[in-house]
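First up is the structure itself, then whatever we jot down about it.
Every chain is named by a letter (A, B, C and D) in the order it is written, and numbering of its residues begins at 1.
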Amino acid sequence: MDVAIIGGTGYGAVELLRFLHNHPHVNVKKVISHSNSGTDLADVYPHLTEVADIQMSALEVDTLAEEVELVFFATPSNVSKNVIPSLVEKGVRCIDLSGDFRLRNGDKYQEYYGEEIAPWQYIDKAIYGLSEINKESIKEASILANPGCYPTATALGLIPAIEQGLIDSQSIIIDAKTGVSGAGRGLSLNFHFSEMTENFRAYQVGVHKHIPEIEQTLSELSHENIQVIFTPHVVPMTRGIMSTIYADMSDEYQTKQLLDIYHSYYKDHPFVRVRPEGVIPATKEVYGSNYCDIGLYADERTGKLIIVSVIDNLVKGASGQAIQNMNIMYGWDEKTGLDQLPIFP
Amino acid sequence: MDVAIIGGTGYGAVELLRFLHNHPHVNVKKVISHSNSGTDLADVYPHLTEVADIQMSALEVDTLAEEVELVFFATPSNVSKNVIPSLVEKGVRCIDLSGDFRLRNGDKYQEYYGEEIAPWQYIDKAIYGLSEINKESIKEASILANPGCYPTATALGLIPAIEQGLIDSQSIIIDAKTGVSGAGRGLSLNFHFSEMTENFRAYQVGVHKHIPEIEQTLSELSHENIQVIFTPHVVPMTRGIMSTIYADMSDEYQTKQLLDIYHSYYKDHPFVRVRPEGVIPATKEVYGSNYCDIGLYADERTGKLIIVSVIDNLVKGASGQAIQNMNIMYGWDEKTGLDQLPIFP
Amino acid sequence: MDVAIIGGTGYGAVELLRFLHNHPHVNVKKVISHSNSGTDLADVYPHLTEVADIQMSALEVDTLAEEVELVFFATPSNVSKNVIPSLVEKGVRCIDLSGDFRLRNGDKYQEYYGEEIAPWQYIDKAIYGLSEINKESIKEASILANPGCYPTATALGLIPAIEQGLIDSQSIIIDAKTGVSGAGRGLSLNFHFSEMTENFRAYQVGVHKHIPEIEQTLSELSHENIQVIFTPHVVPMTRGIMSTIYADMSDEYQTKQLLDIYHSYYKDHPFVRVRPEGVIPATKEVYGSNYCDIGLYADERTGKLIIVSVIDNLVKGASGQAIQNMNIMYGWDEKTGLDQLPIFP
Amino acid sequence: MDVAIIGGTGYGAVELLRFLHNHPHVNVKKVISHSNSGTDLADVYPHLTEVADIQMSALEVDTLAEEVELVFFATPSNVSKNVIPSLVEKGVRCIDLSGDFRLRNGDKYQEYYGEEIAPWQYIDKAIYGLSEINKESIKEASILANPGCYPTATALGLIPAIEQGLIDSQSIIIDAKTGVSGAGRGLSLNFHFSEMTENFRAYQVGVHKHIPEIEQTLSELSHENIQVIFTPHVVPMTRGIMSTIYADMSDEYQTKQLLDIYHSYYKDHPFVRVRPEGVIPATKEVYGSNYCDIGLYADERTGKLIIVSVIDNLVKGASGQAIQNMNIMYGWDEKTGLDQLPIFP
């Protein structure tokens, strides 16, 4: 199957290329870049020398629709909403790694993304691609809104607790930490090596655009209006997200009981690994892989549940989950092309 | 004034040496090390070559009491409680960087430190050295219990809010992050470079020994029994602590109002810097210095106050505050020997 | 085909497991560890949770010879030389990632490895597995001495120049830099995170045990007795080796000419990538992959050739090349199981 | 004494501020920035909040000459050569951290700096400020050309060997490594955290502008025309330079003999520390300080001398040496304001 990737100079695109290189059913026919059309990929990413011998091209919707069956958008916000509609009308399925089709509330989109939301008929079509939760609807998706990195780690950590009523869903606090690659390849003083190394920062406190996405996902699942506190921080490392989540337990649970429920909840999901009692996962234990690892601690002293959920932000938090969703959309084994162990150390 | 440092091979000791090198009133007469008695400091710490030309010696309480007026303990837990009593009886003042004299509850000490607490007459004498808060009692201290690193960052961040009744003191959640030097110089697979770099971990979830210390400090201030949730994490960097603190606001405050209260609270304290609205401090901005920098965000949407407090764990979180306390004990300007800018980048 | 890995707690072993996980012809039947026999792999390497569900066992040569066809030794020095002979006698092929069978000079072995060399009949059998150079002899190897990390990067960088007489082979200086994982998982103050991060060190200046290995390889190729200067350094990063090599050019070459020779030399070798003029490879461009990337600069001003050769020390410098050699030994495509792109960023 | 700093947003300026903060004889009256005139320093460098309460201003030569006695230039190349002449004519002494006044060869300046050299009457006045070597001429300098970071580490490592005839001065190869801060605060993809961390790179191979500076210094000392091979690399850390230097020994020396000569050469120079036999300094051992630490290894096997010289590139390699030179110019103790221990860990 021929596919295209739009956003060829970003980290999302190179991670797609890395996994698709080992995917037996997919051929990357085009890599499209607005800013680097005409340039060889290896000039922009020397690690691809001799192995991804592709010249980037400009976007032409009509020819693209004839050449490929599926398009991945690894673009900044407010790009895909202007392109996906016409591709979908021509029968091309689209997987969007950006946030354009995730929210179903126009005001929130305007508030957090600064523009008007995509036309409603396409928002209505869009399926939110949290693979472990929405598998059935993903199968039929023509527009797949691939979840954000923080929302993926956070939702996978919280969903069993919310669905089973283990916590007071109005008491959720999420203290999240990401590696620097989450900020992409765009230059910024904050991510200049000398200023970022040996440094730890909170950022966008109270105003991060993943807040409405997390709230929407949790609210839809629980059929109540959930508000969360969410504070992102950046860690001096390239990859990895940890969400440390706090919530009041609805009863006097012990860690072991809760782990059993989580184990059972995720037993058919190969990319979620619930750790045994006393073990809290670290980000490096999922480095480069599509796993989401979860640890729990029921603090009986204070009645709080502490959930720790880790992913590689560029894999399960972006390109890996996108491929997992593609696999589901085409009826292939979920793990196709993604069955790689974490790189350690 | 002649002083001694006990615990000469630890990071606490070398930071004391760094600042005392520039202290006009103090001469480090002895560096005592159980494991390295007879060894030159520069053999263990080559960066001290030619500048701290001291041979480490073994501990002999009687001669020590004659040679120095003050002793710093930069020792592991459960060491100083066996030595300080006899030194104090001989008229030597002691500043203890370990946790032995911080808690005033024998059961908690037993639970978190695994041994019996020091004899009560010495616990009663001990002054908790949070310099900005206990200045008056510190002046007279013969046993100075220097606060832990997390408790320092956390208490300085919370105290104005608690004292002024700005938050519900039963709603406090502390998500804390430290650089690796907080774990000291002892070898451990967790802190082996290849396993710690490009990694982020939570540890001792729910059981860290700074929990009772934080609770005691806040409870004494507020005259209520405060319980906190406290989760420490370790960041792939050497120095720096950030406490991200969440609490319910007791009224509908705006960030600006709260910052004014904090500014006014700390206006006479040169080592606490409250940042302007919209600015959250990062750990590197206090690197190598004795500052504690604080930022606030009043989340009007959810009614939560988010407090971010950063220190260098080895300075304001240990050796720097110890020297600040010594300055107070001897009536010198608080900043003597400590008036150095953060190293940046 | 069933294989075993001896040395189950080291980084060599986990990298073998990572690549063999995707190898279509190989099943890892046993992971043998002296120190962790009876322990689950995932207890020692949590990143392997649920994906490498193996309990480590102790070494029993007789049963091992019945269970597997091939054994990988990822052991410290002076272990495999005591085990490989009996396995080989029972018809088991052995790939040794340690240095025991690399040198063909007993005195040098004694000098650099501190023990007597393996029995001569086995040394004579051993094939030095620099895959790109010794392909024909590797096919028949029963004992495969997998090259060291520095010798791999260095020899691949130098061989075309030596074979084609482009340099004075008595003028070679190698300034080499490695990531910390090259030192393995054993604890040491030098590799304690707080002492290794933000630090750069030379070590074992003039006495590193890869010196005789490099000299033997180059001398055998050139049929002269080559001596090299070799200085290793350690970089605050996990993975990657760079050899920066200096030698006098034998004539007035230009960079372009030399690159053409190198390109042609390596044209049938998929894992060596010679970079275009003006491009010097960086270590991260081969991260996690089996590539060796080479850049050249002919300094016409001084008559020196500067060769920069980079590999991932744990892959092409150890486990990756071991699997490449296994593929050659069994007549499979060299890239089987190894065809993965570098992880970037 | 009132001084000014030009180039207020660079790392050179902030390091000057850090040390001058503790200098008893100097007051920083003005910080001048072309791009940030009118801005508070603390807005650009939040770590200076409350401690360097200065608003940056634009350059006005006439008023500046009335307000200060001395000006530090921490500017990019080709700036100071247009300003220093008029300041000097008005009697202001200038210390130039840039390269504008270092070279005494107009062609070389044009070749490596891309513009015409400063007017000859000012080049003739300029004193090259390698403090340990040129102390007498520095005293009278009106234009002080502060050495480059690589040339400082390299020259201090080589000078005793060259002056005493210990090496063949035509055989010098310098393999140098720097922390990232050497590249300054300007944004570049190469120094974007995600691309620089866990990476090691050579750069500007054969063409770095410190080559003519090193050659000029060594040639002037030896009264011969010395050519060197110099290859710079960048290490994923903020601070630190190591020069690993190779040269043919002129006789059969042993390490100990050479160390004695070096010790004796530097015995009156407090900022150069020659390490004992068997000890090679690491960059972190001079972190944040003005030391240059040197280790030697005489490789009797090959007749090569290996010299390892380390500095903090921002201190002895820039701002620290600038202040050391100021101290010499004004007859103050060389260590004034600089007597700080390295920060470790």
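One rule holds for everything that comes next: a contact is a pair of C-beta atoms (placed from the backbone, for glycine too) under 8 Å apart; a residue touches a chain by one contact, two chains touch by 3 or more.
In this text, all values refer to a predicted model and were calculated from it rather than measured experimentally.
Undergrad: Check A-B against A-D and say which one is joined by more contacting C-beta pairs.
TA: Answer to which pair has more contacts is A-B.
Undergrad: Farthest chain from subunit B, comparing Cα centres?
TA: C
Undergrad: How many angstrom between the C-alpha centroids of subunit D and subunit A?
TA: Between these chains, centre-to-centre, one finds 46 Å.
Undergrad: Using mean C-alpha positions as chain centres, tell me how far subunit A is from subunit B in Å, no decimals.
TA: Measuring from centre to centre gives 39 Å for this pair.
Undergrad: Can you pull out the residues of subunit D that are in contact with at least two other chains?
TA: 11, 179, 181, 194-195, 197-198, 236-239, 282, 284, 287, 345
Undergrad: Can you name the residues of subunit C that touch subunit A in the complex?
TA: 11, 14, 17-18, 21-22, 45-52, 181, 197-198, 238-239, 273, 275, 279, 281-282, 284-289, 293, 339-345
Undergrad: Tell me, which parts of subunit C touch subunit B in their complex?
TA: Residues 11, 179-181, 183, 185, 187-189, 191-198, 236-238.
Undergrad: Mind pulling up the subunit C residues that touch subunit D in the complex?
TA: Touching subunit D from subunit C are residues 173, 175, 177, 179, 194-195, 197-203, 205-206, 227-229, 231, 233, 235-240, 242, 244, 246, 280, 282-284, 287, 295, 297, 299, 301-302, 304, 306, 308, 345.
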